[in-house]
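In what follows, chain A forms one complex with chain B and a second complex with chain C.
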Partner chain A sequence: MNEILICRGLAKSYGGPRALDAIDLTLERGRIVGLLGPNGSGKTTLIKLANGLLTPTAGEILIDGDAPGAVTKSKVSYLPDADYLPDYMNLRDLMYMFRDFYEDFDADKAKEMFTSLGLGPTDRLKSLSKGNREKTQLVLTMSRRAQLYLLDEPIGGVDPAARDYILRTIIGNYSENGTVLISTHLIADIESVLDEVVFLKNGKIMLHSNADELREREGKSVDALFREVFAC
Partner chain B sequence: MLSKLFKYEFSATGRVFLPMYAVLLVMSLIARIFYSVEGLQSDILFALITMLLVMLFTAVWVVTFVIIIKRFWDNLLGRQGYLMHVLPVNPWEHVLAKMVTSGVWCVAGAVVSALAFALMLFGIPELAEIDFSEFFGWLREAVDALREHNMYGQSILIIVQTVLHSFVSCFEFVLTAYAAMCIGQLANRHRVWASIGAYFGICIVRSLLTSLFSEHRFFNVNVTFPANMPGEVLRWINESLALSLLLSLIICAALFFVSSTLLKKKLNLQ
Partner chain C sequence: MSWTFSGERPIYSQLVEQLQLRIVTGVYPPGSRMETVRELANEAAVNPNTMQRAMSELERRGLVFSQRTAGRFVTDDPESIAALRAELAQEKIDRFLGEMRKLGYEKREVVALLEREERT
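Up next, the complex of A and B:
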């Protein structure tokens, strides 16, 4: 089976209008996919549904053929768009925790990345800056040999130099058959690495295409097209 | 996976509980020293230390309950839920790990409180002089009397059941809070209020069940107590205790089921 993620008629409502509506989406293995859309378009909702953090209002979402559960969670590496790690822990505690729970976690790789970022194993999360906390989260996420990486706004809160580092980390570390789904509205920064793009608007998929084909067909960059489609 | 969850649960909560127990024990020791030094007892220090201790004893229980509730809320339904719910673990394992850990801290709190109390009491000179052999003699006599009337077994059973009851009530409280929070998180807004409402809702249902049970048990008593009346009464008390223990266990199981099912099927992490 080559599909890693399948959504069929997926919808989610938080009580009001639907945050996601009738999403049909199939992602294959070994791709880097940009999930692009303005704020409030449903990117985070889709990613949370894939992680089982939300339950669908209608439709279904399957990861490697299964609905989100303990089995799919061992295959998915998730970077939330939130400061979610317990801040009393230090980096070593966190690495041990990830190693304990995820068989595919590579502690040596994490150590190496922390060192190159100038972070030590005894650094407590509490004492780190916001940017360094985000990098810590990214390092932990990318140190797994997962089948699907779901990265929610990985470059939103860091400076441009750090963005390059983060993108290099993502490209350099995802496992060969893994698929990376990156949600962002900072398209120019990540356009060069994308194999596929998905445009999300008001909870609906507007477009799902190969990035190169899209550029050829439209005669402009994905960034330029995004600005056109989502012009206010 | 469950053993790993226990490990992280204990280390995360132990950071708060262990220092708190240490403070309580040290304070009791200090009080013991003050109480045992002649001349200090009438001092204002005596009043201050006693007051501080009473506050500490109360604080231990308040903190225990607050931590039990807050830990579940923050760790599973708050920000840290982004970490916990993406671990390859089943929701019921989360509930079980948190429940058992909380139960252990409740028991530990009781043991440490008793220990601290004993430490402090035996510092009082008048108490240290009490001859306990008299008390044990009295206890032996009581046991003999019970044996003679064939009530020893039943009496021990009452004590055992009462202890079991306090354990189970502890878990029942914890599970009621968990279930209430799992119901409360279903709301899109005002989740804390929804949880508090759910808590009282569960308590109302619980007391309805209790009153149904007691009505059946106590107001329809048609047990006749013949000549060996005390023994019969003890047996009847034991039966009632066993039934109400069973009721509590069933309620615990139901609350556990509700909590883990809601986490599995209706999680809405904001």
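Up next, the complex of A and C:
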């Protein structure tokens, strides 16, 4: 089976209008996919549904053929959009925790990446700068040999050099045949690494296309097209 | 030589162009072993699948070849490299002549200008 993620008629309502409105989406293995849309378009809702943190109002979402649950969590590596790790922990303890939680966690890889960042095992999360905290979370997320990586705003509040580091970390570390879904509204910064783009608007999919084919067809960058589609 | 991409054109074709330029100018010398697709993708900060596609195109054009276990190598055939060099030069000439035509120059006027340039 070549599909890693399938959504069929997937909808989510938090009580009011639908945050996600009957979307159909299939992602294949071995791709880097940009989940692009303005604030409030449903990006985080989709990612949380894929993680089983939310349950669908209607429709279904399948990861490697299964509904989100214990089995899929062993295959999915998730980077939430906010700090979520206890900040009193140091990097060594965090690596132990990840190793205990996830069979596919490669501690040597994480250690190597921390060293290259100039971070040591006894550094506590709370002593790190915002940029280094974000990088730490990303290093832990990308050190798993997962089948699906769900990265919610991985390049949010960091400087351009850190962005570059984060992108290279993603490209250099996702497992072969793994798929990476990156949600962001900072398109210009990531567009060269994307195979595919998915545009979300008001809970609906406006576009799902190969990034190079899109550039070929439209003669413009994904970023420029995004600005057109979402012009206010 | 650094990797730069413009968003308006497919990354794939820009990669093919830049890899070819590196072969012609000897950044990747004839017969040398190339880095892996992943290493190159990382260096250029592009998608590994796109780099793979560009590499397959270079293979198809006979500019690089794979040896099953040893990796991928730049062609050591001087003729292929010379042909590529001539092809890239022709593209530049065509583009230049096109620009000059837009400015209203006939081809012979351009030639005259170039000859004067050579004397100075």
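Basically, the second predicted complex is superposed on the first by the 232 of 232 C-alpha atoms of A that agree within 3 Å, B and C clash if a C-alpha of one lies under 4 Å from a C-alpha of the other, contacts with A are read in each partner's own complex, and residues count from 1 in each chain.
Here, a contact is a pair of C-beta atoms (placed from the backbone, for glycine too) under 8 Å apart; a residue touches a chain by one contact, two chains touch by 3 or more.
This is a predicted model, so every value here is computed, not measured.
In the superposition on chain A, contact is made by A:Gly219 with chain C only, not with chain B. Touch criterion met: A:Ser192 reaches chain C, while chain B stays clear of it. Using the contact criterion defined above for the overlaid structures, shared-chain residue A:Gly52 touches chain B, although it does not reach chain C. In the superposed model, A:Arg168 lies in contact with chain C only, and not with chain B. By the touch criterion stated above, A:Met97 is placed in contact with chain B alone, chain C being left untouched.
Common to the chain B and chain C contact sets on chain A is no residue at all. Listing the residues of chain B that touch chain A in their complex gives 1, 4, 7-8, 12, 15, 79-83, 85-90, 188-189, 265-269.
For chain A in complex with chain C, the touching residues are 30-32, 164, 167-168, 171-172, 188, 191-195, 211-213, 215-216, 219-224.
Only residues 14-15, 48, 51-55, 69-71, 73-74, 76, 78, 80, 82-86, 88, 97, 100-102 of chain A touch chain B when the two sit together in their complex. The part of chain C that touches chain A in the complex is made up of residues 5-12, 38, 41-42, 44-50.
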